Each structure stands twice: as C-alpha cells, then as structure tokens.
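Same chain, two partners: subunit A is paired with subunit B first, then with subunit C.
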Partner chain A sequence: MDAKTTDSAPFLDRLEAVDTDQPDWAAALRRAGLAVYREEGLPHAKVEAWKYTRLDGLTRSAFEPGISAPDGITVPDGRIADMAGAHRLVFVNGCYRAELSDDGLADEGIEIVNLGKPGAAPGWVAEHMGRVLDLDGMPLAALNAALWGDGVAIKLADGAQLQKPLHLIFLAAASTPAMFQSRHLLIAGRDSRAAVIESHLGLEGAPTFSNSVVEMILEEDAVLDHAKLVDETEHAYHIAATALSLAGQARYNGFVLTLGGRVVRNETRVRLAAAGAECCLAGAYVADGEAHVDNTVFIDHAGPGAASRVVFKGVIGDTARGVFQGKTLVRQYAQKTDGHQLHKALLLSSGAEVNAKPELEIYADDVKCGHGATAAQLDEDMVFYLLARGIPEAQARQLLTEAFLGDVVDEIASPEIAAAMSAALTRRLAGINADHGA
Partner chain B sequence: MAMETKTVEELATGEAYKYGFVTDIEMERAPKGLSEDTVRFISAKKEEPDWLLEWRLRAFRMWKTMAEPTWAKVTYPPIDYQDAYYFAAPKTKEGPKSLDEVDPELLATYEKLGIPLQEQEMLAGVAVDAVFDSVSVATTYKKKLEEMGIVFCAMSEAVQKYPDLVRQYLGSVVPYSDNFFATLNSAVFSDGTFVFVPKGVRCPMELSTYFRINAAQTGQFERTLIVAEAGSYVSYLEGCTAPMRDENQLHAAVVELVTLDDAEIKYSTVQNWYPGDAEGKGGIYNFVTKRGACRGRNSKILWTQVETGSAITWKYPSCILQGEGSVGEFYSVAITNNRQQADTGTKMIHIGKGTSSRIIAKGISAGRADSTYRGLVRIQPKAEGARNYTQCDSLLIGDQCGAHTVPYIESRNPTANVEHEATTSKISEDQLFYCLQRGLSEEEAVSLIVNGFCREVLQTLPMEFAVEAQKLVGISLEGSVG
Partner chain C sequence: MALLEIQDLHVEVAGKEILRGISLDVEAGKVHAIMGPNGSGKSTLSHVLAGRSGYDVTGGSVRYDGSDLLQMNADERARKGVFLAFQYPVEIPGVTTTTFLRQALNAGRRERGEPERDAMEFVKVIRRKTKELGITDDLLKRPVNVGFSGGEKKRNEILQMAILEPRLAVLDETDSGLDIDALKVVSDGINAQRSDDRGVLLITHYQRLLDYVVPDRVHVLAQGCIVKSGGKELALELEKSGYAEFLDAAAA
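Right, the complex of A and B next:
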C-alpha cells in the first residue's frame, strides 16, 4: 500500500497483529473487509452517509490493538443495565473474560460459542458470518471485518426459549489509547424467543476506539428483544453496526440508549425479507459536554406486508451534537408496507446542535409510510405550569426532560428491559440537569 | 389493477402535451459549442459593458474546472455541452418598440399558447414579458408600470438602462461560482427578466414572464432578477413550454430575489416544459437555481411552483432569511408521469432572529416516474426564536413509480422550533368509492381527489394561474388514474 492509502485509510498496519492461522471463512471475510476499507477509507465529510459525523479525531490518537486492561478490573454494577438474573458474558477491551462471566448456559437448544479462536467455531458460524451485513458503503464495518479479534456467536434452535436474558457486558479500560474490534453473530431459529442486552461501559483512562459489528438472523416467527446501553468515557469513540435479517412473521424489538462517549455512532440496518416481519426500534440519547451521538437507521422493506416503527429522542446540552439519519426503503414488491419513523430532539443550551435526515425511498404504491422530526427546547409553558405548582425550576426541568425521553422507553416491549433502561436514564439525567437547571 | 395498467397505456399516446408545436421563424444563432468565443459572442450581441463580460468570463473559466453534480436522484445520459447552441434569437432588424412591431408569427405563437399578448394589453390584469428562446420579444404594460417607478423589462435592456442596479444585485444572491449549472448560466445567460420595485410601491398587477424554447438543439439560459425595495410588494408569475422533440434540450436558469425591509415578493411558477414521450425520449432537462434573500426586517419571499413538465427537474427554490422576523414560504406540487424524474425541494436558511419558514410540498408520481423531495432547513446559532414547519406528502399512482423524501434538518439554536412531517400514500379505495357512488366518473373522481391533495399549494397561486394549474394537474395525470 502506498502512503496515500495509509493517510486516507489508517489502521491498515494493525493487520500485522491479526492471527494468520485462520479457517477459510474467516480469511475470506477479512479479505472482503480489507478490499472495501482500502477502497473507501476512513469516511470524510463528503461521504453522504457520514456527512454529520466526522472521524478525523480517530487519527489523532495512536490507537493500538491488544492493550490489556489494568489488573483486578470488575464489573461496575451500578452503571450497567440493571438486569437481575441475567446470564452475563463479559468482554474487557474487546476480549472475552471467562473469569468475569457466568458459567455455561444449560438452556436446551441454545449454543453459545466464543469466537476468539475462529478455527474452533462450528459450521453454522462459518455459514452465516458476514452474510447479513453488506460491507459496501460501510467502511468502518469493513475495517471490523478485516481486523476483528473476538466475539460471541449465539444460536437458538427452532422453538428454543432463552430462560434468562443474555447480558453482554463490554468494558473499556486502558492506560494507553486502545482499539478493539469485536464481532458477534446471533441466529434465532424458527419460533425461538430470546432477550439480549448489551452494556458498553467506559472506565476512566486513555482514549478508546471500539468498532463492533453484530449480525442477527431471525427465522420465521422468532422474537428477539434487544437493548443496547452505551456509556463510554468522554474520550471514547464507539462505532457500532448492527445488521438484522428478519424472515416472515419474525419480530425484532430493539432499543438503543446512549448516555456517554466522545463520538458514538449506532448504525442499525434491518432487512424485512418477508410478509409479516415486524421491526420496532426505539432509542434515546443524552449528549452533553462535547459528545457527538449519531443514530443511523436503515430499514429495508424487501418483502410485502412488513411493518417497521422507528422512534428516537435525544436531549442535547453544552456543545454536544445529536445526529439522526433514518432511511426507510420500500421496494417495488413490498406492497402493504407500514413504515413509520420519528425523531425528536430537545436542545438545552445555545451551543447544542442537532442534525436530522429522515429519508423515505418508496417504490410501491399501496403503502402507508411517514416520518416526523422536530427540534426545540423545553416548552416554557410547561415549565411555568410546574413552577406555578410550587415545583423548583431545576426539578421541573428534570421532570419534563425525563418525561420527554420517557415516551421512548414506553416503546420497549419487555417490562424488565424497560425498567433497566429507565433506571439508567434517570441516573444519567440527574447529572445533566444538575448542570443545566435554571 | 386494470385501472392502473390503463394509466401507462393511455399516456403513451403523448397527446396530453398540447404545446408541442414548432414555430417556423428565422433564427439567428451563435456558432455551435461552448468556448470563450461563445461567451464573447453573446456579450457582444447584447452590447454589454466590460464588467459584465469579465463576470461572464470568470464564470466560464470557473465552470471549466467544475464537475456536474451527481447527488440528485436523477439519471440521464451524459450531456455533451459542445453539441448545443447557446444563443438563438428570432431575427429582427431592431428591437420592437411596441407590440405592433413584433413579428406576427411570434404573436400567433403566444396566442396558441394561451397568452394573447395583444389582448392582455387591452384587458387589465397581467403584465407579460415574453421570452422566446434566448431573448425577450415583448413586454406589455411597460408604460403604466414606469409611471409608478417600477422597472419591468428584459435583462438585456436593464443592463443598458439600469447598469448600476444590475451591477449591484446581479450575482449577489446566486454568485457566479455557486454551482455547476448556475455557473454555466452566468457565463452564457442570454436574457431574462429584470424587475425593480421602488420603496413603498405596491405593484398593482401581476408581472409575468412566459418562457418558450422553440429552436432545436438550443439551450435556454435565462436569468431573472427581482429587487423589492423597503415596503414594496410584487407578485411575479412565470410559465414555460417547449416543442416536442426527440432530443433533450437543456434549460439552466438562475433566479435571484432580493427583499429589503418589509418588502414582499411572491414568485409563482407553472413549469410545463415538454416532458418527453412515454418512453422517456426527448424532453427538457431543467436544471434551475432559484434563491431569494430576505435582507430586510420582516421581509417575505413566497415561492409557489407547479412542476408538471420536463424530463428532468433539478430545482430547489430557496430562502436566505437574514432580516430579523423575515419569512420564507415554499409551496410545491410536482407531478411526474411516464419516465419523468423530478428532484426538487427547497432550502430555508435561518440566520436572523425570529425568522420563520413554512414548506408544503406535494409530490405525485405515476407511470414509471420518480419524484424526490429534497430539502434543507438550517437554523444558524443566532436565529433566536426561529420557526419552521415542513410537510411533505407523496402520492403514488401505480406500482412502477417511486416517491422519495430526503429532508435535512439542522438546528443550532435551542430556542428554535423545527417540525417536519412526511407521508406517502395512494388514493384510497374508500375515497374513490365514495365519489363513484355519488355519480362521478372514475376520471373525475381521481382529478377531484388529486386536486384536493394539492389544494393547499394551488390556492396560494394568483387566480390567473390557479385555473391553469388546476387544469394542468388534470391533464398531466390524464388516464393515469381513471
């Protein structure tokens, strides 16, 4: 590679750290990722999909793979999604840590495989890995495909039910700038049911760059509850792509809660491949300081009679920036589609900024599609109403902010997940309103 | 559905376009192709001052370094910019002093288009500037307007008569370096309309320009500039048609509007360029840059457009809301049928305090057409209390077409309030059934429903145009739905 390539496509030299002893499928995935990343490079402002999210800062720190965490690290229970009784799998700096994780699940029909050693992965991993996410136009996901180091693969047999929620906990803690690229796969067989929660936590320390990919395949009638909590440090880059493929009558209930990070991009791509598939994706974010939070959603209605509902809300303070890009594509044969999208932003300070691009691309006529987007501050009439009833201003504002985001939490189907997300949100808002109140 | 198959078939006849005739008139042309010589030729023909030639040449040199934009959702074969004439004018010895001196052939053409210039001069109502290919051929009501201090004339005439005004405002809203098509226009624009409304004057009649492309292999590049001084008001209409030809013709216009304190400009367009035949052969490529600057306090610019013609429409009439309390409004109906493609919308840039904007866009897509709304609402940090409301609705007729919405919303002021909503739907069976039940034919029912769908936009048009636009909506969709 020449010098120019290294400039526009940094991190290629980190390839040396990748284990060369690999099965064919893993090597093929790396080659495909490398080709796309070399071609597209790190996205810049002229790349439409990354128009509002700049990654220039990534090249300012010398992020290295394989940085180990300080000794004696433990899961900070007060900060993760509060899921009592969940089965935990813990990753530290992108690597699976058995000693922090719960022992093997004994549920019938469920297989959980660590991907740290791809050579040992079963056939179904080889068959499905890389199949859901198309790397074209996804340079960061391509970088992940080229460099990924660890991850987990989960398979639910037809009809299997996960008894306890599966909680994937990702801790980031490093004394020098660290990068980690984890990659995960979930296959939910016909009529299976599962709840999966991800908590991404940054502990104090040097800047980190987490670039992860999750692929999920939901076969007919499968139901998946999925929630993701991102609470990284103010120096952290968190770039994640979650790609899903839903077969007929499958149902995905997703939720993305972002509470911290320097630059966070949660990109969710859902393909509704057949009749009756249903995707309900909601999210909330709280951005303050210099945080940049980007939620990008692409819903591909590729089969008839599918439904999608996307609702995101964000609270933006200080000089933070919120970005929402939502696209609903309805292909020509996807008649009877029901697709809705909503983004609402609350701006708390004069330096705050929000950029929204809700997009519809529709080729079928018998559809009901719509989107809405708003940006405003708290309604002063509402604040006044509460003040008139003797509630102090700071508290009034917190109540209203919480109520604003609370709507989205109500979108979550599972009461346990809703309670956990709600608790995390309240904890976080107590902090932001102490600064911004009055 | 049987009804929808009929759509594509019936429209294939192309009979719906009744303006497709050619006027046989002797033309004077610039040599084919585009070079500095072409630019100098046009400028010399117009006897332009040096500063304007320089400006054109700067634009041309810049244009050569620019690339055609590709971000719009339209596809067309590459345009050979050397294979066209950049200047064509009906041959006359000298400019006509009054309508009596205008070539009768031209007057007949406008009569055929439903714009009887002579009659219009008699009847009170609308003052018309008729632009034929590259030059303005007639302007009516000039005298009456002059008495009030209103300037309404061809751009080439304004350059001679009001050089200071033109120099002050030309390119001040759309600079020559703005974008590929605007830059091309700056280099080769041939004529257009200039309107200047002095302080405190309310223009008593609608001003109207009628654009006609006639000559083959000719591009049309007109440039319109409207300046409304403090406290003035003007309503301006533009209409456009072209003959049916198998080749694609390029139309790259620039429109600049400037409003000062408390002034208001209402700019309405009914665009009915030849859309090409059912297979997408021929038709006008319409790449237009329209922008208004609300420079004064409480000034207002209102854009209304009914886009039914053109093979390709690439057009984003915008408002720069600088003045405190200024208002920008955009009302649009875009109808695409057969293989037409439209990528249109607006930009509202809120800079001043208390600025507000409203966007109502209706897209109707039938046949194998693609219609895209692309818009930007930007609230700058100092736009305290700014307000925007956007509504985009799309109607799809048949399963071979596409309707897309690409809004960009950027807010950097917490006190601003921005709301956007968009829907996509089809004519519901219930609505149709209801109308049929009451004795309407299917065609009447659809026309009624579609007109109802566009109502919010059509009712912002001046009366003279509203009637034409309503008919046009019916004609453009003829057969496609009923």
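Right, the complex of A and C next:
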C-alpha cells in the first residue's frame, strides 16, 4: 500500500504500525479507506460537511498510534455512566483490556468478539463490517477504515435479549500525544433487544486523538437502546461516526451526551430502510473553556412509513462553540414519513457561539416533517425570581441550566439510562455556572 | 429602631427619576400599606427593596434590621428575611415547585446555621401550609408557576412566604386579578404572617384588600413621593375621592 503522508492527508505513515497479516475483508476495508482518505484528506474550510468544525489543530501535535497507558490504570467509576450491573468491556487508548473487563457473557444467542485479531473474526463480521457506513464524503471515517486497530463486534441472534446492558468504556490516557482508531460492529437480529452504553473518558495527560466508527444493523423488529457519554480532556480530539441501518419495525433509541473535549464531533447517520422503522435520537452537550462540540445527524428516510425524531440541546459558556448539523432526507418513495428535528442552545457568556444548520430535503409528497433551531440566554427574570427567594446566584443559574437540559433527558426511553445520563449532567453542571454566575 | 428605615430615597431607571425622595419606617409588628395610582413608583419601590438590578439609587438610604440593605445582593436580602411577593410571578419551566421551595428554604436555613431539610422533612413542612392555602399536591409537582392560573400564582407567592417566614414581607399588588374567594385565602395568608417581630409592606392600587388585611398605617404614593400618610381610614377616603387630588398635589 502506498501510505504516504502529505500536508493535506496526514497520519498515513501510521499505517506502518498496522499488522499486515490481514484477512481479505480487513485488507479490502483498509484499501477503501485509504483511497477515500488520500482523495479527500483532512477536511478544510471549503468542505461543507466540516464547515464549522476545523481539524487544523490535529497536525499541531505529533499523535502516534500504539502509545500505552500508564501502569495501574483503573476505570474512574465516578465519571463513567452510572450503569451498575452492566457488563463492562474496557478499552484503553483504543485497545481492549481483558483484565479491566468483565468475563464473557453467557447470555443465550449473544456473541461478542474482540476485533484485535481480525484474522480470527467469524464470518458474520467479514460479511457486514464496512457495509453500513459509506466512506464517500467521510474522510475521518475513511482514515479509521485505513488505520483501525481494535474493537468489538456484537451479534444478537433472532429473538435474543441482552440480560444486562453492555457498557463499552473507552479510556484515553497517555504521557505523549496518542491517536487511536477503534471500530465496532453490532448486529441485532430480528426481534432482539439490547442496551449498549459507551463511556469515553479522558484522563489527565498528553493530548489524545480518538477517531472511532460504530456500525449497527437492526433487523426487523429489533429494539436497541444506545447511549454515548463523551467526557474527554480539554486537549482531546474525539471524532466519532455512528452509522445505523434499520429494517422494518426496528426501533433505535439513541442518546449522545458530550461533557468534555477540545474538539468533539459526534456524527450519527441513520438509514431507515423499511416501513415502520423508528429512530429517536436525542442529545445534550455542555461546552465551556475553548471546547468545540459538533453533533451532526443525517437521517435517511429510504423506506415508506418510517419515523424519526431528533432533539439536541446544548449549554455553551466561555468562548466555547456548539455546532449542530441536522439533515433529514426523505426519498421519493418514502411516503408517510414522520420526521422532526430540533436544536436548542443556551449561551452562558457573550463569547459563546453556536452554529445550527437544520435541513430538510424532501422528495416525497405525503409527509409530516419539521425542523427548528433556537439560541437564547438564561432568562434574567427567572434568575431574579430565584435570587429573590434566597437561592445563591451560582445555584440559581445551575438550576435553570439543568432545567433547560432536563426535557431532553426525558427523551430517553430507558429509565435506567435516563437516570445515568441525568446524573452525569448534574455532576458536570455543578462546575460550569460557578464560573459564569458572577 | 424600625425594622425597615427608608430615608429620602431617590431612584432612577434609565436616567429617569422614578422615586423622588421617599422616607418611611416600617416597625416590627406593623402592617403599612402603600397606595397609589399606576406609574406612581410603587413597583419600583418593591423592586429596589428586593435588590433587582436596573434601578439606580441616586440618593438616600435603606436600612433593614440596622444594616445597609442596599449593600446586599438580592439573594442575601432574601436569606436575611426580606421577601417580595411578585406582582407578576415568573414561570420557570423544568423546575418543579417542590424543588424550588426546598432549595429556597434550605438556602435560608444554611444562612442561619440551621440543618437543611431533606425531601421527607420538607414534605411535612409544607403539607399543612398547602392545605390552608388551597394548593393541591399536583400543583407542587408542576414546574414553578407554569400553566398556573392568576389566582394560583398569587397563592403560590403566599405559600412561599408562609414557608420562608420572612421578617419583612413586601407584597406588590398581590390582590390584583383575584376573585373574592382567592382574595380571602391570600388575605388570611398575609394575616398569618403578622406577628410582633415581623413587618409587612402592602403595595396596592385598590382599597379592597385592606378590608381583609387591616393596615396600621396607609401612605399615598404619587409621582414618586409620599404625599399623605394616615391611619386605616385614609384608605376609605381614597376609595371615595380617588387619586386625582394627590396627583395635583404631587405635581405642584
């Protein structure tokens, strides 16, 4: 492979670190990724999909793959999503760590496969990996396809029920700049049911660059509850693409909570392929300091009678920036589509910024679709009302900020996940208004 | 020393003088009523006492319990026992009335060095008071004032006063927009606040409320000045003759 790094396409020399003993499917995925990444390179200002999120800073640190974490690393239980009783799989700097993870699941009809050695992966991985996410126009996902090193593949047989939520915990901890590209696959068979939570945590240290891809396939009548918590360090780049394909009557309940990171991009791409498929995707973010948080959502109504609901809310302070790009595409034959998206931002300081770009592209003529975006500041009449009852200003602002984000947590279908996300938000907000209250 | 001592208070809003030298003492144990037409500065006075921003005090002083009230932030005033019942209570989506009341109560308790009340204790504290004010449990679970009727909002103000037990209550047109039943409930709530160590400043446009909450003193505010003070009979006089003569007097 020609793995030449250029100014516009950095990191390709890191391919040397990739194991060359690859099965055909993995080699093909790498080639495809390499081709797209070499063609498109790191996105620049003129690339529409990345207009608001610049990655120039990535080339300022000498990110290297294969950086090991400090010895004796443990999972910081107080910061991950509080999912007591979940089955844990722990990754450190992109690599699976068996000694930090729970032992194999014995649930009937569930297969969990580590992808660190692709040669050992079963046929269903070979068959589906790379089939959900189209790499064209996705240069970072292409970079992941070229360089990915580890990950997990999960398969639920038809009718299988995951007894415990699966908690994927990703820790980033390095003493020199580290990059890691993990890649994951989930196949939920017909009428299966699962809950998957991701916690991405940065521990203090050198800058990190996590570039991950998750592909999920929901077959007929499958139901997946999925939540992702991102709490990286203020030096971390966290770029993630989650691609889903839903068959008829399948239901996806997703939630994306971003609490920390220098540059975070959560891109979710959902294809509703058949009648009755339903996607409810919500998210919240808290950005302060110089953080840049981008939630990009693409909903593709490719089959008739499917429903999508996308609701994101963000709280932005200091000189942080929030970005929301939401596009709902309704293809010509996707009649009776019900598609809605909404973004609301709360700006806590005069230096805070938000860019929201909701888009509807509709080719069918019998649909119910809508979108909206608002940006506002805390209502000073509300603040005064709380002050006039003796509630200290920082506490009053926190209460109102939590209230602003509260109803987006209500979008979460699973009470257990909702409680975990709500608790993580409350912990995070306890800090932010103390700085902005004065 | 009176509980509240206002001395020659001058206040401007956006460069325009609204209060033009007000002096008033409210002693503990007394109810003072301030009456006046629209635009006389009644609400400005209540907001300045509560510490709302946007009001420039250009002269005079306000002392509360011997301390300089104007030096305190709004939340500190409230924790020290100054309560404003709002003319237009604010709706706060996403914050339940119970959470709000408990945080307010505990903020005051912390200030006084008393232990905070947990959720269970708090429910006991408010149960009796809600019953007296005809406030249902359902209302407590709803977000603060959201979707409340005008009467419910005013009852909620009185409930907050009953729970926070302030030393000085300033009620800004709490009677406006109430039907006769609600007016009785609210008046009972205000009368329950009366005690030897507490003062009440009732701000109202109409005499009606004063049939139920009988004041010790009545002051007429017109064009930013107190133009007349007297006993409870002054309110009846106003009801008959209206404010016209006072407007002329203030303008002269």
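The definition used in the following text is that the second predicted complex is superposed on the first by the 432 of 438 C-alpha atoms of A that agree within 3 Å, B and C clash if a C-alpha of one lies under 4 Å from a C-alpha of the other, contacts with A are read in each partner's own complex, and residues count from 1 in each chain.
Note that in this section a contact is a pair of C-beta atoms (placed from the backbone, for glycine too) under 8 Å apart; a residue touches a chain by one contact, two chains touch by 3 or more.
Everything quoted here is computed from the prediction, not taken from an experiment.
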Worksheet item: For A:Gln395, is the partner it touches subunit B (first), subunit C (second), both, or none of the two (neither)?
Response: second
Worksheet item: Between subunit B (first) and subunit C (second), which, if any, makes contact with A:Ser175: first, second, both or neither?
Response: neither
Worksheet item: Does the superposition put A:Thr59 against subunit B (first), subunit C (second), both, or neither?
Response: neither
Discussion item. Just checking: does A:Ala376 make contact with subunit B only, subunit C only, both, or neither of them? Give me first, second, both or neither.
Written reply: first
Worksheet entry | Partner contacting more residues of subunit A (subunit B vs subunit C) | B
Discussion item. Is A:Gln335 touching anything from subunit B or subunit C once the two structures are fitted on A? First, second, both or neither.
Written reply: first
Discussion item. One more residue to check, A:Asn355. First (subunit B), second (subunit C), both or neither?
Written reply: first
Discussion item. With both complexes overlaid on chain A, does A:Leu386 touch subunit B (first), subunit C (second), both or neither?
Written reply: second
Worksheet item: So in the complex, which bits of subunit A are touching subunit C?
Response: 379, 381-382, 384-393, 395-396, 399-400, 402-404, 406-407
Discussion item. Going by the contact rule set out above, which residues of subunit A touch subunit B in the complex?
Written reply: 48, 332, 335, 345, 347-377
Fill in: Of subunit B, residues touching subunit A in the complex
71, 379, 381, 394, 396-426
Discussion item. For a test of understanding, state which residues of subunit C touch subunit A in their complex under the given definition.
Written reply: 50-53, 73-75, 78-79, 83-84, 86, 89-90, 92-95, 99-100, 103-104, 107-108, 111, 143-144, 160, 164
